[in-house]
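There are structures below to look over.
Okay, so subunit A shows up in both of these, paired with subunit B first and subunit C after.
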Partner chain A sequence: MSNGFKRRDFLKGTVAAGAATAIPLSLVEVSFGMGSNNAAAAGAQDFTFAYISDSHLTHIKGTEFNDNFDKGLKRAVTELNFMSPKPDFVIYGGDLSQLGKKAELDHGLEIMSGIRELDVKWVIGEHDYYLDLGAYWRDNISELYYSFDHKGVHFVVLNSILTYDEWTHERWPTAMDRMKAMARLDNPEGSPFMVGAEQRQWLADDLAQVDKATPIVVLSHSPLYQVFKPWNFWTEDAAEVQKLLQPFDKVNVLHGHVHQVLYNQIGNITFQAMMATAWPWPYPVSYAQHANAVPKTTVFMNRADPHNLRDGTGWGSVDLVSGRETIHHTLWRNTNRTIAYDADAGHPVDTKYQDPASQIPPQDHY
Partner chain B sequence: MRRLTTWLVGGALLLTAGGAQAQTLDPQDPPLGLPPIPVPDDNPITKAKAELGEQLFKEERFSATGEIACASCHEPEKAFTDGRAIAEGIKGRIGTRHTPTVVNAVYYDTQFWDGRRASLETQSLDPLVNPVEHGFSSHESVLEVVRGDADYLEQFREVFGVGADGITMDHIAKAIATFERTQVSGNSPFDRYRYGGQTDAISESAKRGLQVFRNKGRCVDCHTIEQNHATFTDNEFHNLGVGWDRIGDDVFDLVANFRKMKAGDGEAGIDQTILTDDKVAELGRFAVTLDTQDVGRFKTPTLRNVAVTAPYMHDGSEKTLMEVVEFYDKGGNANPLLDGGIKELDLTEQEKQDLVNFMKTLTSPRFAENGGH
Partner chain C sequence: MFCIRLIRWVPALAVLALAAQPATADEFTQEDLADWRAQFKSVVEKGEALFHSPKLGTNGHSCDGCHPDAANTHPETYPKYQQQTGEVAELRNMINWCIENTIDGEPLPLDSAKMVQLEAYINWERRGVAMAPGKH
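Up next, the complex of A and B:
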């Protein structure tokens, strides 16, 4: 600057760029549910991980991709990098790609590589799977189902978007025909998602090694319960999977696919949906031709503004507190939501909007 | 000095400012096209207070060099702006942001480009002690000027009922805010067309421009027009990518360091840092909320009198209305936090010109002589 004026003179409080780690501000410890639990006895600690899900990166041609969906994932990666303190790791909830193409998966990996200094745990979605049945994913990204332990919590990743062998292997002239058939909603030629007998046996064997007091987190792409079949908000063998999980004291299922705030409780199992970065789905209650089982505990998201590309989408983080998950949804151009397990109610509740009196009235002026 | 002349008639305040035509100013009955003027209960508008506020607004002794008044950047002759890209304070010191107009600022929910002050009353205190603006080290210097001036003492006694020792910065802020509150301006050709039923008040091109503004241009999403008034702002904060090229990947360190600074010093020094560090300045609304969704977001400015308040954007980086239209047409500046409402518009040359012509109809008669850009 001119006339000898030094702007740095005024920065008495600033620390030079690139200096040490940030002071924790964004994540405050919550102490609910600390009383009647034995998670501490099982050695579980509190920690935080982040999630990004359902980006649906869509290849157009050459190096050209749908810009809207790129923007969603890039925004999530950027905001995740701002987190302070940093989460322990990141979950990717599936449907990184739209049609499972190598170009789309590579493009997704490139954008996700913008995440600084954190491991990503990958869950596969049907849009990633049905072109090559997970071959490129397995070779370049991750196993399709696996488990790991973190700070006293047992994590299980399932490939929940499998279906009948006949549908997968015998119906379609080309792999892309199969991919496009599974990508459609309301498809009379479609087929329900399932975990399948082989994987359920693996899960039973895996869980046999785990103490019943150890908190469990299951990561899947489809909800491991049944909400609405025409859109595959559904897992056909959900009841059998749940049966394997119910003996544990604290079970948290985190899934993608539904592109909306959705939460439920069945027995010991708490279910939470991850938001999509690509677009929001309406709630199935808006589709009257078929029965739905949208959980009554869920306080719906506001209707998204179709004029705003990012409304109704987002990413989030999950605090594991005494083995129960508290999910924080960052909703772009919408009101952020936090949903936590309420020990008295015995199910998850929105910490701010569960009471109808505190919900935001619908917009009546356009 | 040109005095603001005001007089009360039956509860309504009549005023002439800058030689403009006399107009009635009843907060509940504002000029055509404007909503009622928000007036805080503890600071009602009076003629004497507005007049005192105008003198304080133009007081150059309110600066370390005796040369800078509020009016030095908010020049009444330039529709209360300065025509510069970035504001210039004492000793030619350059800040980081473009001077916004005072005209119709009363309709903002928050003040400053990042909304770091909630009211006109709280806004005016910060520039006085900012080293790149008025440059005082403390507000005590402001009080010394007022307490040492017999004419001011008389007026403060009349307006607030206080003697020299009783005068506080609160009184000064209230007087300046009251003057600013009277600087509302509607009755533009657009207002006469839209709200006055005068169908020939604007050109055919401007009428087409209004259609583009409301539809294909998506302008009205943020620069709002209501059924019976238009402030041309949603009072929200949006990321258009203006100034993003100054931070780029540094944004992660800037955010981390700013959090640390605010955790350590609280609000102290924030105003200085924002106006002296041209990278921190680009964090925008984040500096106020610490919500990283707000990084790079700035307040939607009103478009009233926009043709006479060039240049544009929070950093004055667009020189003409056509440049602004071109900026939006290309979908702003790409960055990961770009507002979801910003996308390529694909406007034709005719549509762009119509939009510019529409914006030129937003100039109030009082400022029409300043010409357009």
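Up next, the complex of A and C:
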């Protein structure tokens, strides 16, 4: 009995110490079938990484930048530094800049350099790419597509925002005309995103070296499935990319671009969207003139309050547990959201709102 | 005799004169409809250009930044109570709110041509949706 009391006291003390040093970022791990699955057998360990995405830092003139968007990224960096325990690394999901200018990318790098003691894995977005076709990004930030391994999980970063050569190289009088054309989400003169044949071959070769039981995490800017073409919530050759990924037991795709809570399951592949630090996009269901394929699985985020500039934005973290991703969205003006793979349902579910009876009126988008 | 004959013809001439006058009230032709449609479309197009123009604000962004294809503007729900301001607002009040607070611009006069153009574009993108004043 006395040992029991001591143990309980010790546990209470540990909890108190933890509460004193950690800020409430709802870093809750959800575990499914640990120890009896292929991922564990293949040597995968559980770990957490953080994400920040879609900051759209906008240069106005001289040293002046859009203050609202600066604040979003700065806040994410500050909060990320308070994570306890620390994540293993950070993903940046693309669209650091609004128009791909050096001034914007340098400004973004300066703010992101505030992240302490963590590597950043960079994904390029169309706003970073279409001014100089990724030249400054490649020279100063990161390769545009690459892979790496971490604790038994194979990560692949894709440049999914390429498009047809004719659109890229022959249509626009200046590079900035091209950039602005792609930057306008609803531009009827835009062009669909794609990974492209060359990169798909690279992906096939890269994955040929990987055991099928190894969990895969693919990082892209656009969703690697097709939601809504008018706004490029879309990757033209998504089906061909998915075909390369389907043979693996557990595949997780994490993407940016859509600025909203969005998740889906196609075969073995779980898709999750990263939130933006800049502003929320509407769900395509709210555009009455065009059909959409928004996944029925997704419980929408709350409709943003236009009077509250940080509403509908945030950052987050991902737990890789038994090779499946559990995403925690830190939302600055709403209840945080956690979406975890449900082995029984066979798709990701929101841990609080998935049951229609628990959903709330602001989640109704029309 | 001549006079009597003339008098006899007066009503008939009057009818002919009336028939020759152009319609001045509620008669219109397919050409009129096409013209009016074109007038409306030109205002919608001006609204679309304004909606996508950074010149409405000062921070490099435009309305479509948050509202692609004018989505999530819900023109069919106005007027409605805005809990943020504590009063019933029209769409144009919210347009001005966004101009001032998100793209750092000057609010438009509520009866200005530009405001009509913006409303025309926003409503056009919402065509076919049932009116739902007051809805949240």
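Annotations
By definition in this document, the second predicted complex is superposed on the first by the 328 of 366 C-alpha atoms of A that agree within 3 Å, B and C clash if a C-alpha of one lies under 4 Å from a C-alpha of the other, contacts with A are read in each partner's own complex, and residues count from 1 in each chain.
Just so it is clear, a residue touches a chain if its C-beta (ideal position, glycine included) is under 8 Å from a C-beta of that chain, and two chains touch if they have at least 3 such contacts.
What you are looking at is a predicted structure, and each value in this text was computed from that prediction instead of being measured.
Using the contact criterion defined above for the overlaid structures, shared-chain residue A:T163 touches neither subunit B nor subunit C, since it reaches no partner.
In the superposition on chain A, A:N252 makes contact with neither subunit B nor subunit C. Using the contact criterion defined above for the overlaid structures, shared-chain residue A:L185 touches subunit C, although it does not reach subunit B. When the shared chain is aligned, subunit C comes close enough to touch A:I60, but subunit B does not. Applying the stated contact rule after C-alpha superposition, one finds that A:L309 touches each of subunit B and subunit C. Contact with subunit B, but none with subunit C, is seen for A:V77 once the two complexes are overlaid on the shared chain.
Counting the residues of subunit A touched by each of subunit B and subunit C gives the higher count for B. In the superposed model, A:R116 makes contact with subunit B only, not with subunit C.
By the touch criterion defined above, A:Q272 lies against neither subunit B nor subunit C after alignment on the C-alpha atoms of chain A. Comparing the two interfaces of subunit A, the one with subunit B and the one with subunit C have residues 307, 309 in common. By the touch rule above, subunit A contacts subunit C in their complex via residues 58-60, 66-68, 98, 184-186, 230-231, 279-282, 284, 286-290, 303, 305-307, 309, 361, 365-366. In the complex of the two chains, the subunit A residues touching subunit B come out as 1-3, 5, 7, 9-19, 21-23, 25, 71, 74-75, 77-79, 81-82, 84, 116, 307-311, 330, 332-333. The touching residues of subunit B, when paired with subunit A in their complex, are 91-94, 131-132, 218, 221, 250-261, 263-265, 268-269, 272-273, 276-278, 280, 290, 292-293, 295, 336-341, 343. Across the complex, subunit C meets subunit A through its residues 52, 58-61, 64-69, 71-72, 74, 84, 94, 97-98, 101-102, 125-129, 136.
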